[in-house]
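You will see chain A twice below: alongside chain B first, and alongside chain C after that.
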Partner chain A sequence: MKNRLRVAYNRLSPLQRQTVNRIWAYLIVMGLISAADHFVLEYGDRAKALVVVFAVLPAIPTFAILIVLGRYLVRERDEFIRMMVVKALLWGAAVTVAGDMVQSALSALNAIFWGLDPGSLTIMNFDLFFTASLFSLLIQLRRNR
Partner chain B sequence: MKNRLRVLRAEREWSQADLAERLEVSRQSVNAIETGKFDPSLPLAFKLARLFQTTIESIFIDEP
Partner chain C sequence: MICTTNNPAARRFFLRFLATMLVYAVCIVIAVWSFVHNHPTGVLAYLLAVLPALPIVAMLALFGLYLSEEKDEFQRAIFTESMLWGTGATLAATTVWGFLENFVHVPHLQLFLVFPLYCFFWGISSSLVQLRYK
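Right, the complex of A and B next:
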């Protein structure tokens, strides 16, 4: 699996590699901010200003990742690959929005499954977006081998 | 839209990867154009025509 990932990574163009590296870097930043968020809001001082700051902080890497993706799309010279990436991102957005709709409906109905409050799933938005986009891209690559 | 890309490529004994390299696109792009799944943009169509030293309309066949 690790070898296959390495082969796939090596097949990427320099621009694609740069984009993937930057996305990973921002994802790590996002993870660290989320962890700090959780720690501060759970155990730290819950002053209103601090809460607002920690609520806004995760939005920064989110914007950064979307900007990285946008820049990639602008700079990608292969129009077919560009089309596949746009399709994949649209699938990601569709799955995320649909997931949010289900989650809001469950929240409105106060439905709790396996002790999990659906309201807490909002934080998974980005994971859902990336997973759905990645699956869509893999399916398209497989179809167009 | 149908095209004669596969034939033109075969005449020159180029693989899809060879053509992709000459066009500076991915092999998937060449495959998608050949199978009619994807219609190239005008600049890429011109590039193809230049590469095969022919006209765009002799590569791509417009079907109503």
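Right, the complex of A and C next:
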């Protein structure tokens, strides 16, 4: 598995490799910020200004990842690959929005959904978008192999 | 107006989008009416909950269809860029609001509002991106 991942990584063009590396870096930053958020807001000082600052912080890597993807799309010369990435992003958005609609209707039914509180479900939008886009890209790559 | 444009792909996209919006409105009315008056349970309730999500998925499929039909690469780039900004703004806004909900107990953001929010941000970013290239 590790070998296959390495082979797949080595097959990427320099631009793709740079994009993947940056996305990983921002994901790590996002994980660290989220962990810091929970720690500070759960156990630390909960002054209103601090809460707003810590709520805004995780949005920065979210934006950064989408800017990295946008820059990649601008610089990618292969139109076919560009189209696949755009399609994957569209699928990601579709799954996220559709998932939200279903969850919203289920919550109207008072159905308990995964036992998560509403705020956590809202935060999970990014995770859902990212996972769905990744899966969509992998499916397209497999289909066009 | 996009409906009076000479670009056939854009015109087709606009008409399809309007038709899907109409279907979406009908689905919402059916789902809400059924939940209020018939109180469905079990599989039917789940099916009714999924019903309004289908036209939304169709709308996003229309975006993809437009991108594959649009011959003008510049228009395609503008569309993709505004879509990305719209997605980014929506995800950022929901992430911030989610944290605020958890820790400051601001009012709960109903998740069905995420799609209108996405359309709102997409509209704004589309205008801004077009303005930049004017």
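To be clear about the criterion, the second predicted complex is superposed on the first by the 133 of 145 C-alpha atoms of A that agree within 3 Å, B and C clash if a C-alpha of one lies under 4 Å from a C-alpha of the other, contacts with A are read in each partner's own complex, and residues count from 1 in each chain.
Criterion: contacts are C-beta pairs under 8 Å (C-beta built on N, C-alpha and C of every residue); 3 or more make two chains touch, one makes a residue touch a chain.
As the structure is a prediction and not an experimental result, all values here were calculated from the model.
Trainee: Between chain B and chain C, positioned on chain A by superposition, is the outcome a clash or a fit?
Mentor: Because the two structures are overlaid on the shared chain, the partners are seen to fit without clashing.
Trainee: Looking at the overlay, what does A:Lys87 touch: chain B (first), chain C (second), both, or neither?
Mentor: second
Trainee: Just checking: does A:Gly31 make contact with chain B only, chain C only, both, or neither of them? Give me first, second, both or neither.
Mentor: Neither partner.
Trainee: Report for A:Asn144: first if it touches chain B alone, second if chain C alone, otherwise both or neither.
Mentor: A:Asn144 sits against chain B, while chain C stays out of touch.
Trainee: Angle at the Cα centre of chain A spanned by the Cα centres of chain C and chain B: state it in steps of 10 degrees.
Mentor: Value: 80 degrees, nearest 10.
Trainee: Considering only the touch criterion stated at the top, classify A:Ala59 as touching first (chain B), second (chain C), both, or neither.
Mentor: second
Trainee: Report the partner of chain A that touches more of its residues: chain B or chain C.
Mentor: Looking at chain A, the partner in contact with more of its residues is C.
Trainee: Could you look at A:Arg77 and tell me whether it touches chain B, chain C, both or neither (first, second, both, neither)?
Mentor: So A:Arg77 only meets chain B here.
Trainee: Would you give the minimum C-alpha distance from chain B to chain C, in Å, for the three-chain superposition?
Mentor: 8
Trainee: Counting contacts the way the document defines them, which residues of chain A are shared by the two interfaces, the one with chain B and the one with chain C?
Mentor: Chain A residues touching both partners: 83.
Trainee: Mind listing the chain A positions that touch chain C in their complex?
Mentor: 37, 41, 46, 48, 51-52, 54-56, 58-59, 62-63, 66-67, 69-70, 73-74, 83, 86-87, 89-94, 96-109, 117-126, 129
Trainee: Note which residues of chain C are touching chain A in the complex, please.
Mentor: That would be residues 31, 35, 45-46, 48-50, 52-54, 56-57, 60-61, 63-64, 67-68, 77, 80-81, 83-85, 87-88, 90-104, 108-112, 114-115, 118 of chain C.
Trainee: Okay, in this complex, where on chain B does chain A touch?
Mentor: 24-26, 28-29, 31-33, 37-38, 40-41, 44
Trainee: Within their complex, state which residues of chain A touch chain B.
Mentor: 77-81, 83-84, 141, 144-145
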